[in-house]
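Chains: A, B, C and D, in written order; residue numbering restarts at 1 for each.
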Amino acid sequence: MDPLALDVAHLLAGGLVLVSFMLLYQDRMTGLVNNFALHALVVSLSVAWQAHIQHAPHLYITAAIALIVKAIVIPLALHRIILQLGIHRTIETVVGIGQTMLAGIGLVALSIMVMLPITARAGTLTQQDLAFALSVLLLGLLMMISRRNAVSQVIGFMSIENGLILAATGAKGMPLVVEISVAFSILIALIVIGVFLFRIRERFDTVDIHALHEYRGEQP
Amino acid sequence: MTEAGSFFVDAVLVIPALSAALLAVLPDDRLTARLNVLAALLTFLAATVLFFERPAPGHYLIVDDLNVVFIVLSTFVGFTTSVFSGSYIAHELETGRLTPVYLRFYHAMYQTLMFGMNLALLSNNVGLMWVAIELATLTTVLMVGIYRTPAALEAAWKYFLLGSVGIALALFGTILVYLAAHSVVGEGLDAMAWNVLVRRAPEFDPALLNLAFLFLLLGYGTKVGLVPLHAWLPDAHAEGPTPISAVLSGLLLNVALFAVLRFKSVMAANPGAFAPGPLMVSLGLLSVVFASFMLYRRHDIKRMFGYSSIEHMGIVTFAFGMGGPLANFAGLLHMTLHSLTKSAIFYCVGHIAQVKGTQHMPDIRGLTVSHPALGWGLVFGVAAIAGLPPMGLFMTEFLIVTTTFARHPLLAIVLGLALLVAFGALLLRLNGLAFGDPRGGRAPARASFVPVVAHFALVLVAGIWLPPALTAWFQHVAGLLR
Amino acid sequence: MALQGLLWCVGALLAISVAAIPVARRRWASPAVYGAALCSSIVGLGLALAALLGGGALLGALTLPVGLPWLGAHFRLDALAAFFLVVVNLGAAGASLYGLGYGTHEEAPGRVLPFFAAFLAGMNLVVLADDAFTFLFTWEFMSLTSWALVMAHHRRAGNAAAGYLYLIMASFGTLALLLVFGLLAGPAGGYAFEAIRAAPPAPGVAAAVLVLALIGAGSKAGLVPLHVWLPLAHPAAPSHVSALMSGVMTKVAVYGAVRIVFDLLGVPTWWAGALVALLGGVTAVMGVLHALMEHDLKRLLAYHTVENIGIIFIGLGLALAFGANGMRAAAALALTAALFHVFNHSVFKSLLFFGSGAVLTATGERDMERLGGLIHRMPLTAFTFLIGSAAISALPPFNGFVSEWLTFQAILVSPALPQWLLKFLVPAIGALLALSAALAAACFVKAFGVTFLGRPRSDAARDARETDRWSLATMFALAALCLVAGILPGYFIDALAPVAQALSGAHLPRQGELDWLTIVPVAQSRSSYNGLLLFLIIALAAGLGAEVIHRWASGALRRSAPWDCGFPDPSPATQYTAGSFSQPIRRVFGSVVFRAREEVSMPPPGDPRPAQMRVRMRDLLWDAFYAPVESLVAYVADRLNKVQFLSIRVYLSLVFGALVALLTVLAVWQ
Amino acid sequence: MAIALQLLVQIGQMALVLALAPLFAGYVRKVKAHLLRRQGPPLAQPYRELLRLLRKDVVLADSASWVFRVAPYLIFAATWVAVSLVPTFAAGLIFSYAADVIAIVALLGSARFMLALAGLDVGTSFGGIGSSREMLIASLAEPAMLMLVFTLSLLAGSTQLSSIAASMQASDVGLKFSIALALLGLIMVALAENARIPVDNPATHLELTMVHEAMILEYSGRHLALIEAAAFLKLLLYVSVIACVFFPWGIALSGQGPAAYFAGIGVYVLKLAAGGFVLAVFETAIAKMRVFRVPDFLGAALMLGFLATLLLFVTMAG
């Protein structure tokens, strides 16, 4: 495989990690959604590139799904939700952005530490893809737990899923990738619908202990 | 006779799928309830044939010693639960907690859930199994939220999010397994087929397997409800319709644990891979200890038994972690009997909550006086779940504790004391619920006790006599699991 | 073969219990069930007796294809099992016969009849079991059924709590036994007792096994400090079940201890003997002291069960100590004493519980302070209860004395032991034994005197009626047995010879042929006892005295009011009560053992308020062992309970934390 | 024929103790009176009392049951049989193998059991006092007694009084300190068991101090006579036990001829005289103690027993 192809793949995968960091960095709602659109775009691009260099046409479908669903439809839907539910434009974070970024760096380091020795035999392409995918996954989780805001948590989850798609395509010749991505899209669609249906404005983690008592039938 | 077998395998999957589609469109609720039962019954019958007719493993589906028992078990519990849900739903319609529209949705989802679980059990493909388990999860999420009370919605959300994250982790693990396999087996479906994986596992890259198993254990462990990934489980059990609680405890947890077992057998076959034992032992023990203490402060009866499910999943995980022919055998048997017992307990609990009009335990007293059948059913169930003879769980706990104590005394002592603590909590509640002067509604329960009696009879018989065939399968699997 | 027959009896009992479930409410159900149980117990008793006396002809073993699939359920009938089966089935027969009458008063037969039969079956099976799984299975089954019987009158205050404590303690004991067999069977799971006998454990393991076995069996037998449940649970059950639990089930627990320690564990160590005997001595004294402080008739009897278990364990401990030093004859003596006391206690404790049941049905009262004078209304019950009291107080010529006398004889051999600790310890234990015997006499003077003698303290006691014929028949039969075992102990000791031979490698010299049926445990010159002769001479002397006096002196008799030093008070409140009777002993012992404190509130002159005395007592053992556990569990439960109320985000971060932690471990581990 | 002869001797011994018991009590009273510079009743006074009581009617309380009426005969019989088992002038009599010293103590225990029940039977307050205190004292005395028995059996290798007497007669035992301790302890136990000063005062009728007398307050006539006779016999029994264990000289051993028997009787009477004198001196010398001091008294006896045993171990080891 020619080095250029590798470099491109490397560029795209790395770019994904970078965008994940941008997601972590964002503290405005609209900016976050746009950022996520970018995230999805990068994923679809890298998947498409994988399809090209692996000569696996079915991956194009995955790329298309990623592009349409996550780069276009969902961001639009999220924008509408934000407008309709009148969600705050600022994102409420648990710890400061700075600490979050630091933690993110640590996570990336960790994932590389874990991945590189393990996937040594699996070819450089897979190696990079998996390392980056794991970082994206961890960053997404970090985002989910460091943001109090429902929409940003949903976005965090979707970025996890992008990372997984990256990994799946990185695994050379893996069957059922398409089906899996479809299944995932359904999952995400449901989440978004849920946010919309249940009118979850700010947060779906109720911090009010008394409310939880009442919810959980645990009054003595 | 394999083609006959494959026909029945397809039947086990097709019947629920078709009936799901059918039930989604049929309007009349009386009919749908019966249809639901009928479909479940047919599925069960088709599954029982698999005891005798096994198809050759295909690319997507397989029947082997490990899953043949669980597929029959899950279809059986699915059938009995559908019978129970018939009488349960009728009451819900009268009280107006469910509208016919939601009922249609409920039945469709029920069959979809069955389809998902059967697929997960029968699948010979890691990816397919992943998809199936996700499907099952989604359907249960929707059913947990079906009452649309704030509590139900919150429970559904919690379940949904934690479940989704778990699913994501599991997928990553699956991908890693494929990676480990495809460098040996070559690309394509073979690299994801169980029988191939287990056969070729010794040649896999152990490092990849280790990482993969870590993700798989955490991912599917979330579904199993292992501490600290358990948070969704008690609320999902408490807030959903009781038939769903029964299916969750009885089947879905088993299916998730079954997935973990599949991967453990792969790990076990690879000499280079680290032994997953310590990891599973610590997670299992943590779950047992945590759940047994959590039982004490519970006031909601269904949530309490949800925690008891966590405890028992912990026991099973612990047993498989300990490994060895006896402990593995005990673990498999414990999975089987626990799903039978716990689902039967939930049948009783469902009717109790209906006749008493509450799930709040302090408001329920003296059941053996006001509703003898329900009360004594509950007593029997709690005795069985606590591992008292002559019920079957005694055998498994006997094997687990004795074999563990001979190898790691400290672990066994901790486990035993935790079991004792849990028993203390259950018995405390049982004293309040079943005995003393009756309190709460006295209306007679219009319930069909067939499911309860059937389950308890099986549990009782298993405690005294196990069929040799079952023993043989389990022992073979126990050997595979190391 | 006898074993099959016994298993058939068990099967019959199980069938009875299943059949009793649907019909329990019918009027004829109770006599039918008890009659059937009586028949099967009598058959079982006959078979067990035949096996015990048949000299090994009827012993045997078999395996049923149930239980653990690859193991099967092993059953074996050896001398030890045969003896305990005699005890079990004798008690069962008594309880069933008594139940024929007593059961008609039962308000909730549906909660008693099925479990009664199952309970009997369970006790038989425990004794027959010959592999670890079957043993524990039936052991716990016995606990479960007896728990159900304790919960039979669940609406009465305190019974639910008693049942709770009982089942928890029982499960705790079962857990200990689980660990015992885990050690004995090893990781390969050689659960059959033959396999365990074939591979005796290493000394260190054996020590652990011994301690765990003491915990396991002791928690069921009521060994201090594991006795707390017993005085609550035994009285809560219907009286004939109380008799079974106190008289028989505790013996099954003793059987468990004997089976594990003497049979499976191989050669004992001398310190094990010291430990067991010391535990026994402490248990005996603590039990009888508790009983003396007790005013509830049935609880008093339950505490005496604790005392007698202590006496039995003294004998067992001595047997271990002697056996460890190869003194076979002495070991056989101690063991025979213990086993004989097992039999005796099962007889007179059942008798006493039946008596208390008769009192309960006649007056509805268990509190002695509200009884009294019953001897006038229920003379026959009183007579049998008196015999039972004399027997349990170890008074000649009844059976209780013989077994305690044998225990004393064993204690008197102890100076021959080489270990100095034992030389000094055993006499002290002997003093404890003597103390408990004397205190038991005091306690039963109180029990019988306050309940049956004096003047009635309540209307219920005044209007009592004699109990039914079945109950009386049972009580008289057992009373007769107390006397026979007391005056003809030689035959009983000979019957125990094979058991002692099997467990200690020796047995007492045959007593049956000795002239005038004297029993001579060691040697004529050393010590001997002849209950028959004593009985006859005393009867003769008493008769002679009565004859002479009535012949040549006055036989006249006048009735009048009691003199009472010139100022008699008609109100029965002025007679001595149970509390006042035990007051001196409470002052002497209770102030130390129970921290007993008396508070007297004497109103000033002219104040019409009555003077009051309140006695406060604390159970130090409970404070030391059980209260801490209780509070610890509560504390941990409260702390952990906070986890139920976290937010989804925090739960997610738990998952995240777990993932990152494991990844880090992996990264470091590679 | 031989058996008949042995039986005859045994019966003779029973008759002898029955005849001597009241005399011994009267003798003790007489000596005490002399020590107090009083004339005192004649020696035969106890016989007169018994006869008078036997001739009187019995006045029975309404609330008394059959236990109350049967008890005196059983108490009398049990005590009498117990005495007849003790070697007085001859060891190894035919009955003596029916019970060793433990059994003898237990026989007295049965008698006490019946007496305490009789005290409770009528349902008066004083009877209760007596019974409960009697049982307290007994429960403290029995462990002490057992320790002493332990010491003796360690010395003589037997708990059979006849064997003990025989082996004490044999000179090889020698004089050991433990024997003195045991003697002292046994005396203390005997005082307690027989309701003598300092534990109880047989002469008192001051309600709050009496123990034994309180139990028999309601008795009268022949019943009272039997109980009194039993008390006399019990006192004689303890003196005889002390005599035959610690001063075994002159006791006719089995197999010796009639001459030895008569010699033994003579020696026995002398021993009784000496013992009675010591008892009287002791009782006049000290005062009665409070009921709740009794535990300390008997505890001391128990300690003596322990000490005797331990020292004996030492001397035997040496």
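The rule is short, and it goes like this: a contact is a pair of C-beta atoms (placed from the backbone, for glycine too) under 8 Å apart; a residue touches a chain by one contact, two chains touch by 3 or more.
Everything quoted here is computed from the prediction, not taken from an experiment.
Visitor: Considering only C-beta pairs in contact, identify the chain pair with the most of them.
Guide: C-D
Visitor: Let me have the rounded angstrom distance from the C-alpha centre of chain C over to the C-alpha centre of chain D, please.
Guide: One centre to the other, that is 35 Å.
Visitor: Roughly how far is chain A from chain B, centre to centre by C-alpha average, rounded to an integer in Å?
Guide: Centre-to-centre distance between chain A and chain B: 31 Å.
Visitor: How many angstrom between the C-alpha centroids of chain C and chain B?
Guide: Taking the mean C-alpha position of each chain, the two centres sit 44 Å apart.
Visitor: What is the distance, in whole Å, between the centres of chain A and chain C, each centre taken as the mean of its C-alpha atoms?
Guide: Each chain reduced to its C-alpha mean, chain A and chain C end up 69 Å apart.
Visitor: Two-or-more-chain contact residues of chain D, please, as numbers and ranges.
Guide: none
Visitor: Hunt down the residues of chain B that sit against at least two other chains at once, touch-wise.
Guide: 157, 161, 165, 207, 210-211, 297
Visitor: Where in chain A do residues touch at least two different other chains?
Guide: Expected reply: 114, 117-118, 141, 144, 153, 204, 206, 216, 218.
Visitor: If we use the touch criterion from the header, which chain pairs count as touching?
Guide: Pairs of chains that touch one another: A-B, A-C, B-C, C-D.
Visitor: For chain D, which residues count as touching chain C in their complex?
Guide: Going through chain D, the ones touching chain C are 54-67, 73-74, 76-78, 80-81, 84, 95, 97-100, 102-103, 106-107, 109-110, 112-113, 116-117, 119-129, 131-133, 135-136, 138-143, 145-147, 149-150, 153-154, 157-160, 163, 207, 217-218, 221-222, 226, 291-292, 295, 302, 305-306, 309-310, 313.
Visitor: Going by the contact rule set out above, which residues of chain C touch chain B in the complex?
Guide: Counting only chain C, the residues touching chain B are 65-70, 132-133, 136-138, 140-141, 144, 151, 154-155, 160, 163-164, 167-168, 171-172, 175, 178-179, 181-183, 185-187, 189, 191, 633-634, 636-638, 640-641, 643-644, 646, 648, 651-652, 654-655, 657-659, 662-663, 666, 669-670.
Visitor: Okay, in this complex, where on chain A does chain C touch?
Guide: Touch residues, chain A against chain C: 94, 107, 110-111, 113-114, 117-118, 138, 141-142, 144-145, 148, 153, 203-207, 209, 212-213, 216, 218.
Visitor: With touch defined as at the start, can you tell me which chain C residues reach chain D in the complex?
Guide: Residue list for chain C touching chain D: 372-373, 375-376, 379, 382, 386, 390, 393-396, 401, 405, 408-409, 411-412, 415, 423-424, 427-428, 430-435, 437-439, 441-442, 444-446, 448-450, 453-455, 518, 524-530, 533-534, 537-539, 541-542, 545-546, 549, 553-554, 556-565, 568-569, 572, 574-576, 580-585, 587-588.
Visitor: Using the touch definition up top, name the residues of chain B that touch chain A in the complex.
Guide: 125, 127-128, 130-131, 134-135, 138, 150-151, 153-154, 157, 160-161, 164-165, 167-168, 171-172, 175-176, 178-179, 182-183, 187-189, 191-192, 205, 207-208, 210-211, 235, 238, 297-300, 303, 359-360, 362
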